[in-house]
Amino acid sequence: MKKKMNRRTFLKYSAAVGATTAMAGAPTLLRAQAPEIKIASIQPVTGVISDIGISMRRGNQMAVDDINARGGIKSMGGAKLRLLLGDSEAKEDVARSEAERVIKDGAVTLVGPFLSGNAMAIATLCEQRGVPFVMDVAAADDITRKGFKYTFRVFPTTTKFADSMLFYMDKIMKEKNISRIRGVVTNTGDLFGRVQGATFIKVLKEKKFPIEVLGHIEYPLGIQDLSAEISKIKALKPEVLFPVARPGDAKLMIRELYKQRVELQGIISPGSPGWYEPEFIRDMKVLADYVMDNVPWYNPVGKMYKEVNAAFAKKFPGKYIDTNSGYAYLGVLVIADALERAKSTKPDDIVAALKKTYLKQDLMVGLAVAFDEKGDNINADTAMIQIIGQSIKVVLPEKAAETKYVYPMPKQIWDRGA
Amino acid sequence: MPLLELKEIHKSFGGLKAVSRVSFALNEGEILGIIGPNGAGKTTLFNSITGFLRVDSGEIWFNGENIVGLKPHRVCQKGMVRTFQLVKPFLELTVMENVVVAALNRAKTIKEAREKAMRMIELVGLEEKRATPATGLTLGHRKRLELARTLATEPKLLLLDEVMAGLTPTEVDELIGLLKEVNHRGVTILLIEHVMRGMMALSKRVVVLNYGQKIAEGVPEEIVKNRQVIEAYLGEEFASAQG
Amino acid sequence: MDLNLVLQLATSGFLLGGVYSLIALGLSLIFGVMKVINFAHGAMLVWGMYIAFTLMNWTGIDPFFSFVASAGGLFVLGYFIQRTVVNRIMTFHEAMQVIAMVGVMMILENMAQLIWGPDPHSPHTRYSLSTIWLGSVMIDIPRLFAFLLAILMAAAVFVFLKYTDIGKSIRASADNRIGALIVGTNVNRVYAVCFGVGAACVGAAGSLLVPLMPISPHTGFPFKLTSFAIVILGGMGSLPGAMIGGLIIGVAESVGSVFIPSSLKQIISFGIMILILLLRPQGLFGGKGS
Amino acid sequence: MKIIYSLLGLILLILLLLPNFVSDYILGVFVLIFFYAYMGQSWNILTGYAGPISLGHSLYLGIGAYISTKLAMDLGVTPWVGMWIGGLGASLIGLAIGFLGFRFGLKGVYFVLLTIAFGEIGRLTALHLKPLGHMMGLFVDFKPGLANFHFRGNLPYYYIALGFMVFSLIVVRVLEVSKWGRYFVALREDEDAAESLGINVFKYKMIAIGLSAFMTALGGTFYANYIFYLHPTSVMSMWVSIEIIMRPIIGGIGTLFGPLIGSLLLTPLSEIARSYFTRAGLEGIHIVIYGLLLVTAVLFFPGGIFSFIQKVLKPILGESRES
């Protein structure tokens, strides 16, 4: 045991000094002037969801650049942050191995990794190594139920998603005098889709909420043809479709709804990507209108949001801050804030600081970031967004709303003359 | 009691009767030859006897037991083993390894198998090559290897499918001597052969197949004069011209 | 059971099945002649999609015309891959071949991501949302076009195989590798052209799918597994088998989702595959045994 | 032979002492090297030695991982015991697949496709089984302790993985010189000849697939307790099977040291490719490079790298084949 401790102490020392104990050829760093603090971003930038992974990485990187531009970590002599990049390839073993590598390279805190499965692998590793880990996006409740001491989550949990969804639905139904909605839930057959779809249904049942689920249709991740699923949905004759999708299948779904002329009052996602990416609106045009999505969203009236979004759009033409890149940005801010207060790169100091986090922000909808004893952000929240006139508007909660939601859809999808 | 007795063996593929009601018997210690033109059903007959094909009807009595339906490995364990027309050595294995595998059929330990394999390799005269992978052997050596392998399973009856094809005259002579020696040690032999010299030198009795049917049986000297046999091999016209 | 639903699903599945057929045709052709399973088939499909997509963006040519260009582009790519990789591994252990083709797949897939980026694209074409209704059954126009053009492309491949010298040699090699060797055709060229034609089939199919589904670097994988099932169903190396197998699998997967959850529907293809492998490994339309 | 054994002893000694000199990360890379060498060796028993090519070994990994993890999480059975039960479970499934494949005489590519189909059916089924976490997967509780197979540092994992790897080497070496192993090789080389020489081809293929599945499943338990998250798509997909077979194929299929050498080369190569070519804006280039390396390795070492090394070292080490 003693030997091991020695080795670890040595490792930490070496990390702090910036020396590397790596195999041949590891980059040696010349460091004369400002000290540098390494943090690492691990995202799935290759593989089936590389589109989202890359967007996440951009969010992480931009936050680091912005912090450095503002003078780095002031309490530590203006130390600059350096972002080490890791690619989980959307695989758990690679995620773990990448986390291990960036820790070796001196990362004092990790941020990532979009996929809950990867998050679990990294969280366990961070627990083993005693390195703080801030999950920017990853929703599965289970991760923070494992009693990890080093893991924090900025993103809302799945249960939080479902609760907010019900809150917004309740509001809409009351305002519109609707006593009952007959709906169909559909989701991708992966962790996120299943978690979101099933939790939504579970919470509906528990709360005896007046949304009747006529059917629950799950389809494989990466599906290329949704015609059969939409035909089934059509046959169930729902009033509202509650889809949990990914960018690719969201487009497929809208096109099929159009072609098969499925009559709907609304399309309201309990929370998923797919509906807010610029490509979705670019490719779907008027067909995208009136889709609602219950997501952790940027705060359209926030000052921070406006600045960050402007910079982001400038750096990556055609892109803007959305749920993923926004939370990726926020995740790094949380780490920088903790470092600022910890005045140290020792893991336990950072964790202590993270626990006391109270980071005021108006980048995303929700209040200041603060963690409960499990490490979940108690103030993370979702907004109901809606595509109106081919642009995304926050419609609920009212205090962040840019405009009033439109429900039911004034025109069926196929009636819009696309 | 004969060592091997075929009773009305029948095997067809679709409409084609490959082996049609063939019967003959083979006594212990005998060497019996099977001849016939290409496509006469000789190899099908071998495949049927050794269990690679299941006969449609008929009985195969070996050593007092009807072996119809037994898998080839069971047939081998009963003491009947065959070679293949196109030799099938285990190419990646050395000569020694090839023969040891076969010897394990009866040997209790690897050590015993190795000793037996060594004896068989010496018998066929491949001791120089015993560490050579079978890929590196000439055809003649491969045939000897195959013989050593079959012998290592301690057969009572050896079925040889054209072992002499493709060999040089010297190799044929050597092989004839070797087979006589094997027979002398008490192994009964049933052979398909196109090389007439080998056939004549070895077999005391010959069975002739044509279109899946047995058309003649007897001592070699008579068989070569048999009109039906000449017809089968050389065509009717030739036979009548001779006759 | 909702008869209308079944009819609708059967129609959609049948039309998409035509494109499946074309994909499987390429796979079957390559396997029939070279006995190599093309694990990069899905990645080639993606390249076919992106070629059509790029042409559409640059010149506005519709994917239903540019499928010829995709076929041509993939022919060149396939020819190149055959000469550089496949030709050298044909005598190798099958497992070795798998790994080499997986390597090719990794290269193609991630090159696509590097060149075209990771975001899925669903370009809008004039008719991409058009439909005709037969009673209560919807017929999707792009799907119908894709089906017809896939059949046309397949017919062109049949004509090529039947009436050109090199095509005849390809068929001869598919029947019997050694036979073709004896006839004295330039075997290397035959193989390369054959791989090229197989790639052209899948490239054309990719182009035809552009109006139907989002394009992204990693969309090829499910198609690859489905086309394995089709090729087994129709018989490895049997080209009519690939065509009919594609239609059967298309309908079976689509209609099957009435009875089992959509997320399980691939089980139908794999179940069919296992049954055929065990009971009729030469496939429904394969003449010879395995 | 003596030189070889002393060389092996020396290498083992170095590996035993290695943790004193390298970082946790390097240890982690070695854990993966040993893990994949072990998985590759398990696969090698079936495909390399006995012949039938399987591209569905992820199924056995998954079964082993799920059984031992469920036993640990629900019944408190230590994974050290559960792993053997998982092995038996995978073995049964392997035998069932083998029974069908071998009884119906599927060979070569046809058997490959059969294993792919069963692997995918296994994955799809697991995705819909509630006790396995449905599509959400299983989040394994992290409870450090020897009995739970959970550890804080990489050191215990390193020694366990090393143990697994050495164990598989011993198993395969014992096989090589035993009757079973000799029979495996014979039926790989020529089934008809083997059958004619009294070898029950069906029986020995069944033994091979049963043993191979059993050992693969033991590795599944290691995976579960190292990664802590099980999802059918990440443990049972065809891609996992490809990862398993890649290393032994590049290293040398059907050879004792092929899987280890393949893993010693490929595992660090993929790590290096990832760490040196992970650049913002060039996402995916490391996989392109890795793919190129794979293709090159196949083209230049068609018999695997181990046979190449053997050829080079033959003058020094002498004849290792049986004579």
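Per-chain residue numbering starts at 1, and chain names A, B, C and D are given in the order in which the chains are listed.
Here is the rule we go by: a residue touches a chain if its C-beta (ideal position, glycine included) is under 8 Å from a C-beta of that chain, and two chains touch if they have at least 3 such contacts.
Note that the coordinates shown come from a computational prediction; the quantities given were computed from them, not determined experimentally.
Q: Looking at CA centres, what chain is most distant from chain D?
A: Centroid comparison gives B as the farthest chain from chain D.
Q: Round to the nearest whole Å and give the separation of the Cα centres of chain C and chain D.
A: Centre separation, chain C to chain D: 32 Å.
Q: Taking each chain's centre as its mean C-alpha position, how far apart are chain A and chain D in Å?
A: Each chain reduced to its C-alpha mean, chain A and chain D end up 35 Å apart.
Q: How many angstrom lie between the centres of chain B and chain C, each centre taken as the mean Cα position?
A: Spacing between the chain centres: roughly 49 Å.
Q: Find the geometric centre of each of chain A and chain B from their Cα atoms only, then give the gap between the two centres in Å, rounded to an integer.
A: 74
Q: Which chain B residues touch at least two other chains?
A: Not one residue in chain B touches at least two other chains.
Q: Two-or-more-chain contact residues of chain A, please, as numbers and ranges.
A: In chain A, the residues touching two or more other chains are 45-46, 50, 53-54, 189, 218.
Q: Multi-chain contacts in chain D: which residues touch at least two other chains?
A: Those would be 127, 135, 283-284, 287.
Q: Considering every pair of chains, which are in touch?
A: Going through each pair of chains, those in contact are A-C, A-D, B-D, C-D.
Q: Going by the contact rule set out above, which residues of chain C touch chain A in the complex?
A: Chain C reaches chain A through residues 2, 4-5, 8-9, 12-13, 16, 110, 113, 117-124, 128-129, 131, 138, 140, 143, 209, 212-214, 216-219, 221-223, 253-255, 257-258, 261-263, 265-266.
Q: Report the residues of chain B in contact with chain D in the complex, numbered from low to high.
A: My answer: residues 50, 52, 71-74, 76-77, 81-82, 84, 88-94, 96-97, 100-102, 104-105, 110, 130-131, 133, 149-150, 153.
Q: Going by the contact rule set out above, which residues of chain C touch chain D in the complex?
A: 31, 35, 37, 85, 88-89, 92-96, 98-100, 102-107, 109-111, 113-114, 118, 217, 225, 228-229, 232, 236, 261, 263-264, 266-267, 270-271, 273-274, 277-279, 281, 290
Q: Note which residues of chain D are touching chain A in the complex, please.
A: For this pair, the touching residues of chain D are 19-20, 22-26, 28-29, 32, 127, 134-137, 139-142, 144, 151-155, 223, 226-229, 231, 233-234, 268, 271, 274-275, 278-280, 283-284, 286-287.
Q: Name, in rising order, each residue of chain A that touches chain C in their complex.
A: 45-48, 50-51, 53-54, 189, 217-220, 222-225, 227-229, 231-232, 234-235, 247-249, 251-252, 255, 258-261, 277, 279, 283-285, 287, 418
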